[in-house]
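Worksheet: the structure to be examined is printed underneath.
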Amino acid sequence: MSAALELHRIGHAYFGQSVLNSIDLQIAPGEVVALVGPSGSGKSTLAHIAAGLVEPREGRVTPGYARHAMIFQEPRLLPWATAAQNIGFALRRAKLPRRLRPARVAEAARLAELEPQDLAKYPVELSGGMRQRVAIARALAVRPDFIFFDEPFTALDVALKRRMQDLVIAAAEEAQFAALFITHDLVEALRIAHRIAVLDLRGRGIAGLRILPGDPGARDEATTFALRQRFLTEDPLFRHIHDVDERRRP
Amino acid sequence: MSAALELHRIGHAYFGQSVLNSIDLQIAPGEVVALVGPSGSGKSTLAHIAAGLVEPREGRVTPGYARHAMIFQEPRLLPWATAAQNIGFALRRAKLPRRLRPARVAEAARLAELEPQDLAKYPVELSGGMRQRVAIARALAVRPDFIFFDEPFTALDVALKRRMQDLVIAAAEEAQFAALFITHDLVEALRIAHRIAVLDLRGRGIAGLRILPGDPGARDEATTFALRQRFLTEDPLFRHIHDVDERRRP
Amino acid sequence: ILSAQTAPRLAVYGPPAGPTITLAHAVASQALAELAGEVSLTVWRTPDELRAGLTSGAIDVSVVPTQAAANLYTRGMGLRLVNVMTNGLLYILARDGELPDIAALAGKVLAVPFPNDTPDFITRALLAEHGIAGEVTLAATGSPMEAAQMLLAGRIDAAVLSEPVASAAILRGREAGVSLTRAVDLQAEWGGVTGLGPVVPQAGLAVTQGFSQAHGGLIAPLHAALEQATAAVLADPQTAAAQAAEALGLPAPLLAASIPFANLTATPASVARPTLEAMFTLMATQDPAILGGQLPDDGFYAL
Amino acid sequence: MTRILADRAARLLDFLWSGWAGLAALALLFACWQAGHETWGDFILPDPLATLGATWSLAISSESRGLLLLTAQRALAGFTLAAFSGAVIGIIAGYAPAVMRLARPLLTVVLGVPPIAWIVLTMMWFGTSGATVAATILISATPVVFVAAAEGIASRDRGLGTMAEVFRYGALGRFWFIDLRQAAAPLFPALALALGTSFKVAVMAEMLANAGGVGGALARARAMLDVPQALAWVVLAVIALVVVEYGLIRPMQAEIEGWRRAAQPWGVKK
Amino acid sequence: MTRILADRAARLLDFLWSGWAGLAALALLFACWQAGHETWGDFILPDPLATLGATWSLAISSESRGLLLLTAQRALAGFTLAAFSGAVIGIIAGYAPAVMRLARPLLTVVLGVPPIAWIVLTMMWFGTSGATVAATILISATPVVFVAAAEGIASRDRGLGTMAEVFRYGALGRFWFIDLRQAAAPLFPALALALGTSFKVAVMAEMLANAGGVGGALARARAMLDVPQALAWVVLAVIALVVVEYGLIRPMQAEIEGWRRAAQPWGVKK
């Protein structure tokens, strides 16, 4: 079986300033790979390149999926469209008969825990977390087989975050989609991912990969907390994730 | 000593739809109160009202501080100004002699762990976490004695988040500023706050207050984790914070 | 000359055309010096300026198109005509030899750049008189300048132009090797229709009611001075042209070339009344509104 | 659904309410007019009521309505041309700075050259027909549309385009649903400006080029020094403009700007 | 600091580069001109070189330079008035929808009434002086500035204003540092439009109101059917416009838009 996504020696620079360097990564169908790394290390840039939104300076992206979606770091909602219209926006190009769209929008909104009365609101009328949920619903609506998550649940409260994570876990279990999941929340990564990739501090390659034990759905809270403690205290790979002063070392 | 901030029976509505109702809250000088609550319950609205940015429909806000600052849920940076200029923007009205401003900007940027070369970048050139740090630096630059934090560290990696939290803890220890700290991260709230206020699911008042044991600086990781477990599993106040399905109950 | 009272100031206005040469000469030769302490001449360029000036009181003595004067009179503005200062300055210009007479216009393109103005009415009446009204293509052009440009560029066959534009077009054509002539003298053609001689009394000196009341005694001496000035201009076009060049903003040689074709005169209004009424009647039958609804009565003729 | 209906009802109410404001504005205008009339007299500024009477008698004559229709058609033809070409070139310039660099100096020249210098050229091309009028309008009204379109595209939120790209919108889809939608905000006020300019320039060009229509009638009234009649023609042309503007441009603009109402309903501040 | 210098150097380079593009555009224009000349002959469109010769001889005569200066001063005075009043009313209308509702119909009327109807009124007020010219410019150039300012303010990001409020900016400070800064993006292109219109209308109004300056000289050249001379005056006026625009408006605009360069340097797409 070929990879759902393959990144080969990706390199990128903004105005001569190198941001990413020789990044190699493969994601199997149905696999969720969490991408962690310090702020500014190039995670979003990598996701944009992987999704084909930015042309990399070097390297090759080989997508093996049929339909992707992305939850951006900012919600990126159309300000002139209501929440429902924003979700529906993704469906216009999804080859879904027009009459089926409202049902699909409602389903996606339900998955993202949006209440019906909020669907008629414009983005300016939504709270931060609601906006993020609209962006999530928009991505889910097209039923993609690959999703790029760029810190998708940051504005959600504990319960919603957990609910959304469960969604990802369930989807991964049924191999509904594969995902590249950027997050700063190590516990989140440990809950949902099959593997964790750590981006180098300055984007100089993937600093390391850790395969997590068992299926995401099978890990309980104690396991993830124990894993977290071990990674943060013992694993040198996570040293600069854990400690800012580590980053100042030459 | 009078309160740094006193909210008296605050109520608010958008277009007839009630969002907040009879909110009472007092924050003492040097005290950090964490405000948690489900997404869309009205936390940001309350912070805006408390900071005097939105006129409440009902009730009274009595500020007892000298100078406040706010870190908004979105960075709200001036797109036409560099990171340094964005930080400096806050200083123009801070009665600081012009020649002292660059040093103050540099100090605030250092506190927010911004690297010097990033200070010359425009917001479009910054990563999500960098933008958030610029907003943090901007608030710190004016040396306020009250800060409104609206989910301020969501886009930061573990190490940075911890560093910023330490900053708040240290400031609170020295009573540099009092704060209303909106967060979804219960662990964060448990680390930094003297008290946790939980907003009702539909903004109908403060559902409850929990005074945390000891000084924020004195709590270690095990304590906070234990507290978190206890609140989430045992305390009914946190039930709908913990479980989405709780919210559907009439 | 009557022993007239004098005015402190006499500001005379004129159109950007032939009669203003007479005014300029009258001013330059000090002929008006005994009528007023201070004499000035200003050229108005658009009817709007004239209208604004008359209403605001800035203009009280001016050479104006007789049709406009009649219109303003019948509308109760109290403007009165002192004299006629040109017997017409209209010509149909065409390239040399292409237009022997007016009848030859049949099948040709003619520009008449003065919609709803005296030349327009006269031209259309003449075309009708020769029975070729339906056979001439009238090209609508904005200003005489554009008509002349189109004629010089060979885009049209003929154009109705007034002095001094006609002279200017001929001069320009000569420089560029295009020879134009005044193929038809509209004054003569019109005289053939009216039987009153080659006269199209296009413009004359008019005074406002205010001026009549304040300085009524000045009207006759003013006319007398202009009579003399007209004679002097016709006798020595070069000098007069040089005197008018500044006010009109046109080069003296051009003006000098134009004077012989400008039919300058200073005919008291009442003397010119038959020719005026012949013209007014034509207009009144075509479009009474142009005279303000009716022919002006006796009061219009100030002298 | 009900929300949409309510939204539209609010918009209609707002429209009617702004109709009241419009009446207030017109009342103001008439008051100034009356004052001017009383100061300067009939000959410069005739009695507004007399003018309205003249307007009415023009309006009920089918001949005058024919002239008005002719001018309105010309104005609309010119406006359509100007709106289309201004929008197209402006959008291209908004995307491609190279085109912008090329277009800017030309724009300056087109803008700065007085109409009097164009009119012979347009007459050469088109004769003294409606085409001359349309060409004059094209020259006068295109720049404002161009500038608005270019600015609208250049200052677009590029993040939204990227978002659409993820959801399989091609270049055309992104242009249509994202970029054009954003450019519409500055574009519509500019179109209203261009429409007003079109009517004005149509009348002026008809006068200058002696091309009939309202301009011709206005020239005739002016030649007869019939000021109320001249003003009546002007009033008639303005009424035609108002009808077109409030029948065509404003409703479309209201659709486009509906969401702003959500943020600031009924224009209430904060 | 070096960054700022580098920024400015890049901007200068860009300016020079767009100078090249401008030259290309002018070359295009001259080519069209030459073609027109060859098709229609001297009387419609004189030889461009001959016209430039005439322009040069005008330019070296101090008398002509005086006329040009007079017209440029009038245009600038009118422009300043129009820019100021358009910006002020537009900004107020941008903040207050009530004012907008009142201003819109007046704007339509002001826009739609042909200048010919105003000019008599302004001549009544001001005589045939520079003031008439300034008033005519005011009427012609204000709307475009008004619309841009109103749209710029109405579509501002209100979140930034709230942010500034936190940091103790009063209403004035927020207006100055936030809202005006945002409105500047659409305002500057509109100011360039208004400036071009000012020069054009100055010349036209000088012709109509017989107020001397370049318009007077142009009318005189036309009366003499001296087409190259007339065109030379037009060229001279356009040159003055270009000097003012690229000396005054464009550099300010470049300062304002500098940050866009950061997102899309050198106009490179994506």
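So that you can tell them apart, the chains are marked A, B, C, D and E in the order they are listed, and the count of residues begins at 1 in each.
Please note the rule applied: a residue touches a chain if its C-beta (ideal position, glycine included) is under 8 Å from a C-beta of that chain, and two chains touch if they have at least 3 such contacts.
Because the structure is predicted, anything quoted here is derived from the model rather than measured.
Fewest steps needed to get from chain B to chain E, stepping only to touching chains, is 1.
The chains in contact with chain C and with chain E alike are D. Chain centres here are means of the Cα atoms, and by that rule the chain farthest away from chain B is C. Counting every residue number used by either copy at the chain A-chain B contact, over half are found in both chains.
Between the Cα centres of chain A and chain B there is a gap of 26 Å.
In terms of their C-alpha centroids, the spacing between chain A and chain C amounts to 86 Å. Distance from the chain A centre to the chain D centre is 48 Å, each centre being the mean of its Cα atoms.
For the pair chain B and chain C, the distance between mean C-alpha positions equals 85 Å.
Touching two or more other chains at once are residues 40, 44, 120, 124, 207, 222, 263 of chain D.
The set of chain C residues touching two or more other chains comprises 51-52, 55-56, 143, 149-150, 153. Shared contact sites, meaning residues of chain A that touch two or more other chains, fall at 74, 125. Residues 17-18, 21-22, 24-26, 28-29, 36, 40, 44-45, 95-98, 101-109, 111-117, 120-121, 124, 143-144, 147-148, 150-151, 154-155, 158, 185-186, 189-190, 192-193, 196-197, 199-201, 203-204, 207, 215, 218, 222, 230-231, 234, 237-238, 241-242, 245, 260, 263, 267, 269 of chain E are the ones that touch chain D when the two sit in their complex. Residues 40-44, 116, 119-120, 123-124, 127-128, 207-210, 216, 219-220, 222-227 of chain E are the ones that touch chain C when the two sit in their complex. Within the complex, the chain C residues that touch chain D are 47, 51-52, 54-56, 68, 71-72, 75, 77, 113, 115-117, 139-143, 146, 149-150, 153, 155, 287, 289-290, 292. Only residues 3, 159-160, 162-169, 173, 177-178, 181, 256, 258-259, 262-263 of chain E touch chain B when the two sit together in their complex. Interface of chain C with chain E (complex): residues 16, 43-46, 48-49, 51-53, 55-56, 58, 143, 145, 148-150, 152-154, 164-165, 168-169, 172, 176, 249-251, 254.
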